[in-house]
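In what comes next, chain A is part of two complexes: it sits with chain B in the first one and with chain C in the second one.
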Partner chain A sequence: MTQSGTEEPLADSRNVPALLSALRDRARSCTVLVTGTPGGSIHVRDGLVVAMETPGAPGIEGLLLRSGRISEEAWSAVRASDTTHEHLAAELVARGLVGAGELEVISLGALFDAAFALSLAVPDSWEVADPVPALHRNAGVTPERLLDEVSRRINLLAGEPGSVAALARTRVRSVSAAGLPGTAAGLPARHQEVLAHADGRGTARDIAFALGRGLFAVMMDLRHLLDRGLVQPHLPSAENRPSTAARGAPSAPLAGASAAPRSVPLPRREPGRNSAPELRPHD
Partner chain B sequence: MSSLDTALDRVLTAPGISGAMLLDAVTGLTYAESGEVSGGRDSCEIAEIARTRLNRAGASGELESVVVTTSTRHLVTLQLARRGDPLLLCATVDRERTNLTWALRELHRHADELLA
Partner chain C sequence: MSDPVTDLLIALRDNVMGVTESTLATSDGLVVASDANKTHPESMAALAAAGLALGNRLADHGGAGHLREITARGSTGHVIVTAVGDRALLAVVADDGLDEAAFRREIPALTAELRRHLDKDV
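And now, the complex of A and B:
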């Protein structure tokens, strides 16, 4: 754990929630940089958390773009008009690209979703840095409310200890019966979209990014689909699993095993031979 | 004051509506609240139960509203469709001060302005 910054060190920062509470008591404006997997940035203004960014959950930009609320061109124009990125939210509203209330909903939703994503793993370290511009439109949230909401979400998803983080890491795929006519007909449209993206290659996070929805919302939908037996965890089959066998030929064949193929040395690069390789018979 | 707080305060100017809150219909997150909202805490679960059971019973279409009535008040929940996950506008309506039809009309009027 490390701390840096221009002001005196924060004594009570044994974990990130304690650090945020200390920042709240001092009404600090700063950025808390969290390292780890997923890691992220927590933007604090006058002691209140106004935004969080993490690779673990879609941010405001991703939610606006991937959901189709605004186009890439419009977003680029907004960014170009505000090179400091301090007034992006006001610019989005002023241009009529998104309503003020709608942007506030998206901003708060992304903030709590990022807090939830960060809570699924123990951070490696964190440090307090100077504030940097962050896209947000909300009055700020107390650390206590953030913690309460994260706890509520984990309780809603938890079936057994550790199951929430495990669910977040699980790749899911729809079962074959989910594609039968009528099976998914009674599902809300959002469940059907999640079902369509459950191809065994992506986790809840991947689906959330693809759909431009929150991580927690997608996990709630996945839990519902799991309970109904319409999706299942995807376990890679043995033949598709990367080989973990020894790369080199064994020094002596095992008793009873067939003779090892003739050992062929790997091609070696030699000084002065940096040109393209010669064509091989199957090229 | 935030845009949502201001919009919800306007909802309370309607006679007989003593509380209002805006929730996420999927996550249950409270985006804003104003006035007496103790009855709205479980609105997300109630709406989800109504939605699920109605679908299983063969009803088609999206959920639009749920009204729970006690001897003194109505707890009205409107589902607000939008691009992305829907929201819930929940309101506490005093039965002695207004009637349900009027309250629904007022809530729909304010709902249109909420996200603008």
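And now, the complex of A and C:
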């Protein structure tokens, strides 16, 4: 199935884009496993990138299920019908669950979004492995087009102060005034959804997964909300925890438990310090 | 007033993509610390303790050796319960994009660190 054993090793792999270019020149079909935060897998067919999976951005399955576009039962039935998972996309279309054109748009959108998410982190290492089935429906994208699209997205986000990677790491919280009537009234529904999920705990990626939307789209919305002052970066605070010591009656009374509470004099009002009433002459 | 144990839970959410909430509980189901917003920590603690106890019996009955964790895998997320020594447990809620590799890297060190903190309670 794969010719990886018979081909000469890939000489030029200083970085992942260079590796993808080399794979493009050899028209290879393989999976590039990238480790890092986030890592991911890049699915290459005949030298063209057809899909990417990464924890950094929602995949096709997540987008379809989270948004309610297809039901869990229907998705289970599709997976059950194809035990090799090679023809999941064809099965989705054949059953009329998703249109062929719609699935292609979602597939390409998820691919560009995953490439954008992977570009925000420096990979620790990568290796080329045998191809594995991946849900996709597109003819494949050249590494050059992928790079162009990623730089276009980064430029769109970096127009404002602060780097794009820093924005991706920021945990955002809606400001208290954002809940007031009228403040968020003029916002489109998708901005209001992002605002509702900005609880100070999640990054743009977490909001994207919660909503079943793309990472880049959510980051654009967050940038807009940050500019309007409706969300702000969040700094966490914490409380003290209770003890986990074994419970049960103490064998001896705790020292000091019977001691009387420390006596503190009651507060006194002193004349002249507060606005006390003047002394009446007949007292 | 920041508690080191709660800080460890927040650090887990920082270090592992996809982790959204976590609750540290005693093995009898009482909350010790939590980093949660959408889940109810008291309920999560009780359910996780019951689930882990069942998992122990399941692993024993199935001859699967010592129980490492139990996982409830859903269509849009997971709940993973890991024992923290024999006194406590950690319930982690994650979305479907959980970085499993990072989770596997972080959890052993985190449970060991949590144990060190809990062992000080005598």
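The criterion applied here is as follows: the second predicted complex is superposed on the first by the 226 of 283 C-alpha atoms of A that agree within 3 Å, B and C clash if a C-alpha of one lies under 4 Å from a C-alpha of the other, contacts with A are read in each partner's own complex, and residues count from 1 in each chain.
To be clear about the criterion, contacts are C-beta pairs under 8 Å (C-beta built on N, C-alpha and C of every residue); 3 or more make two chains touch, one makes a residue touch a chain.
Not measured: the values here are computed from a predicted model.
Once the two complexes are overlaid on the shared chain, A:Ala210 sits against chain C while remaining clear of chain B.
Using the contact criterion defined above for the overlaid structures, shared-chain residue A:Ser81 touches neither chain B nor chain C, since it reaches no partner.
Touch criterion not met for A:Asn15: it reaches neither chain B nor chain C. In the overlay built on the shared chain, the residue A:Ser151 is in contact with neither chain B nor chain C.
Touch criterion met: A:Phe112 reaches chain B, while chain C stays clear of it. In the superposition on chain A, contact of A:Ser125 is made with neither chain B nor chain C. No residue of chain A is contacted both by chain B in one complex and by chain C in the other.
On the side of chain C, the complex with chain A involves touching residues 1-3, 5-7, 10, 13, 17-18, 20, 24, 26, 31-33, 37, 75-76, 87-88, 95-102, 118, 121-122. Contacts from chain A toward chain B in the complex involve residues 63, 67-69, 99-102, 104-106, 108-109, 112, 137-139, 149, 152-153, 156, 186-188, 190, 212-214, 216-217, 220-221. Note for the complex: chain A touches chain C at residues 35, 37-39, 54-59, 61-62, 65-66, 72, 75, 199, 201-202, 205-206, 209-210, 236-245.
Contact residues on chain B toward chain A in their complex (touch as defined above): 1-4, 7, 22, 24, 26-29, 31, 51, 55-56, 62, 82-85, 87, 114-116.
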